[in-house]
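A, B, C and D label the chains in the order they appear, each numbered from 1.
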Amino acid sequence: MFVTAAIAILVTMALVLVRALLGPTVYDRILAANMFGTKTVILMALIAFLADRPDFLDLALTYALINFIGVLAVLEFFQHRVQSHSDTADKSGESR
Amino acid sequence: MTLVFGTFLLSMMVLVAIAIVREHNLFVAVMLSAIFSLLMATNLFLLDAADVALTEAAIGAGISTVLALGALALTAEAEQRHRPKYRWLSIAIMVLALVALLYSTQDNPRIGDPEAPVHQHVAPWYLEQTPILIDIPNVVTAVLGSFRGYDTFGEVLVILTAGIGVLFLLSAGRNDLLPNPRRIPDNTIRLRQHTIPHVIGKLLAPFIILFGLYVQFHGEYGPGGGFQAGALIAAGVILYGLVEGERPSLALVPPNLLYGLSLGGVLLYGGVGIASMLLGGNFLDYSVLMTDPIAGQHWGLLLIELGVGMTVTGVLLSIYHAFAARDPH
Amino acid sequence: MEILGLFNYWVFVLLLMTGLFAIIHKSNLIKKLIGLSIFQSAVFLFYVTLDKIDEGTAPIIRDTDLVDQIYANPLPQVLILTAIVVGIATTALALAVIVRIKEEYGTIEESEMRELDRYLS
Amino acid sequence: MTLDEAIYNQLPALQVIVPLIAVPLVAMMRARHLAWLACTLTSLLSFGIAVVITTELLAGATWQYAMGAWPAPMGIELRIDSFSALLLLIVTGASTLMLLAARVPIAAQIQSIRQPLFYAVWLLTLGGLIGILVSGDAFNIFVFMEISSLATYVLVAAGRDRRALAAVFTYIVMGTIGATFYLVGVGLIYMMTGTLNLADMGVRLEQVADSRPVMAAAAFITVGLALKAALFPLHIWLPNAYTRAPHIVTAFLAACSTKVAIYVLLRFDFLIFQESIPNHALHFAGLLLPLALAAMIVGSWVAMFEDNLKRLLAYSSIAQVGYILLGAGLISTTGLSAAVLHMFNHALIKGVLFLAVACLGVRLVQLRLSELGGVARHMPWTMSAFAAAGLSLIGVPGTAGFVSKWQLIVAALEVGPWGLVPIIAIVTSSLMAVVYIWRIVETTWFAHASTAVASVREAPSWMLVLVWLGVAANVYFGLQPQLPLTLATGAAELLLESCCD
């Protein structure tokens, strides 16, 4: 049961990773990074149950919180750059 | 099962690492580094290193991403393409080194081998003696805080060095060492304009700090301790700064306080060591702190973890503010 | 399964070399720094691999009635906690240096910095 | 137990803790003079402790101390023997001397509000270096290596122009690679032995001798530490870092930082790998001797044509690292004791030379030889001290430099006919030293005065007193080398204790 779920999560992670690596725009990557974080949280929780140590859910909680901060920071700085030099940011977003 | 999971995750990690090196947009490279860190942390957890996984997540994926983004905002966002000299020569040397190293790993003990030398010496003693001598469930905390407490003292000093160093470097040509809230232009847009992140961020920040405190004082019983707690608390305050702006964040937690926390943590740690010397023990011998050696160990661990937490919080936040409050021009 | 018994070490070596490649070949200082942190992360993986023991679990002792429970080796974990902190300290300091370099040189590309210094002297 | 005894038993711990505990206190101070005073007194106290420890260890014993009172392989152990004692004297002595002289040059180079932080970082460097020297635990050495390295980066970055920043970045990258290599090496040994304690490692490695991971560990540790020690051809970070750092910092670093890396290198290679890797002595010598010879020749060669005074001396330092490792590569008691002795003497020589440069730096901005014409006629005391220390660098009889070079030649003669090669290298490199020192002396004393130096005055007299104190030490240890020689011989015997011959 847990194993099946974990495998499903791993496959999803791989798919998300493809998006993160290929882009093409920066927004794709931001979304991919966020989603990857979410998947990690779930995987963490699953591993905790698989290893029969549910007390380690603390870790999953940490990941969830940190992931939120990371994504906010990315958005914040990205927005900052778009506003300060709108040309360069757009270009770098589209060219990849 | 975990072996297969690990193999899969590790392969992804190698792919991400190569992608990071090839990526020319630095902003994207930093984001990929965060993914790399998350993968690393998951692997560490699979390898039964819960404390390390917690630290890697909080510091690697959280704090260092934020710091790198802060530095990027002040520098450049794209790498210029250039062709280094002697490219193929050094690639050839590296491939050679790679092959040599791969060859040298063939004699390594297989992963998880119970017969490996590392599981025969020293480590069993820690696992056996911790419940007797220190009486806390988390053996990692016991080794970190007591058996190898001197290393941890050094580690706190490393963090302090980085903190003082960043303040020193970034104060060149300026009139004050610490960021001054009144001098920061309040024209930064920040996320205040966007209601959802603003509200959620503000709601979440106190809970993150609370969770940080839980990790701080629960470190003897579960994964966690001063480092993880310090990183989490710093992350919570950083979140507040992200959604509210630098000036309110610095007004909430003034730079002087952060500087005091960084120095105070080291003094507390060193003070515990000196107190144990004055009571007739060796440096960092907590057993002499109380009449009952085990109670002494408990108190010692509690105090030094507190010192670690203080310094880590103070230094990480000072460094963050040093970047975030800096005028990019 | 036996063939995967050394997989972690291979990944460690690969990451070590990937990081080194970025350090040597990239002209952009931030890129070099990212390479440096991949290089350091590789060592984290190596050390923590050593702590694993079959049928073991994280070294946080559970109810004392589980007497035959096997625990992973706590020592490499302690060492790597320290190493992670050293890593972030180095990164922070290097980032501060890069910010100062940008302010003084106007660029963070090593090749351009060299050109600028040549004019100076 | 009386109070005296209680303090006495804690000396090894106090040696490292005193400067480190003082760090937050100094960093809290707002007044720069107070910060300088506190920093200097702390350094002086460390020097005092080092002297007491050395006098105890002259007999050749080792002093152990269990941190946290946990027994050795479980807890971390401090372990001081005559080798570490000699290095402790160098590090604490150099730090104290430079700090005493530091107030004027630092006031000129660093804004006053930043000075307390500067002194705090100085103490971190000092504490980190001491921590490496007294430690008996492989991982603990890494931690303290990082403290001292990070602090050193900051000190170097305090230099006044932007090239200091570029130099520091290279230094950070190289230093971190070196430290990480060391960490990988320690991890490999740990994998094979399960211990981190150096003494325990040596014992337990014998059982797993001749395995590939141990060979890899030896390679990683040797390369990593050679990088930190700036052994040719891994020296590229050093000239820029030394040239761009504030003058007093250069004087401190030149006197001790690379030597501490060499200390760790010798410890590992002689005490741990010697027994566990067959023919290790042969590999070690085979790798080190050619590089050491190359360093001696190349370093001196570049120095002969260098215009920047500090860079010139930095290249000379690279050559001197060659001398030290040449002695070590001969793998004999005489060779090793010559190497260790040269570490001591070179610290004395380079410390004084760079201190004299710092005196020049107080009065002059540019330290290019082409712009220093006739400066000695305005600053005779500074430049005659420089010349005197230069004589010691060349190895003129009656100076400290002579004693260790003579020892090196004696050690090379013991090897037999092949010993002629190192002797030729030593003589050639010394002749080159004559050339570059003479170039400096000639320019500064006899060349036509350039306009830049027309109005300079002699350096502050307090600094001159300290420089001449250093010169006096050079002469004293040239005529009375018993103290460093005893410690060096003790160190050599200790390192070769387990060896074949």
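Following the convention adopted for this analysis, a residue touches a chain if its C-beta (ideal position, glycine included) is under 8 Å from a C-beta of that chain, and two chains touch if they have at least 3 such contacts.
The structure presented is a predicted model; accordingly, all values stated were derived computationally and were not measured.
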* Asked: Is the number of contacting C-beta pairs greater for B-D or for B-C?
  -> B-C
* Structure fact -> Chain centres from averaged Cα atoms put chain B and chain D apart, in whole Å, by 31
* Centre-to-centre distance between chain D and chain A (centres being mean Cα positions), rounded to whole Å -> 47
* Structure fact -> When centres are defined as mean Cα positions, the distance from chain B to chain C in whole Å is 12
* Separation of chain C from chain D, taking each centre as the mean of its C-alpha atoms, in whole Å -> 28
* Residue numbers of chain D (touch at least two other chains) -> 139, 143, 146, 150, 153-154, 157, 190-191, 196
* Asked: Could you say which residues in chain A touch two or more other chains, in rising order?
  -> 51, 53, 56
* Which residue numbers or ranges of chain C touch two or more of the other chains? -> 16, 20, 50, 57-58, 62, 75-76, 79, 82, 86, 89-90, 93, 97-98, 100
* Asked: How is the touch graph of the chains shaped: line, ring, star, complete or other?
  -> other
* Structure fact -> Listing every touching pair of chains gives A-B, A-C, B-C, B-D, C-D
* Asked: Which positions of chain A touch chain B when the two form their complex?
  -> 3, 6, 10, 13-14, 17, 20-21, 23, 26, 29-30, 33, 36-37, 40, 43-44, 47, 50-51, 53, 55-56, 58-59, 61-63, 65-70, 72-81, 83-84, 88-89, 92, 96
* Structure fact -> Residue set of chain B touching chain D in the complex reads 101, 103-109, 116-123, 125-126, 146-151, 153-155, 157-158, 160-162, 164-165, 167-169, 171-173, 175-177, 263-264, 266-267, 270, 273-274, 277, 280-287
* Structure fact -> In the complex, the residues of chain D that touch chain C are 139, 143, 146, 150, 153-154, 157, 162-163, 165-166, 168-169, 172-173, 176-177, 180, 183-184, 187, 190-191, 196
* For the chain C and chain A complex, residues of the former touching the latter -> 57-58, 62
* To do: Going by the contact rule at the top, pick out the chain C residues touching chain D in the complex.
  => 16, 20, 23, 29, 32, 36, 39-40, 43, 46-47, 50, 75-76, 79, 82-83, 86, 89-90, 93-94, 97-98, 100-101, 104-105, 110, 113, 117, 120
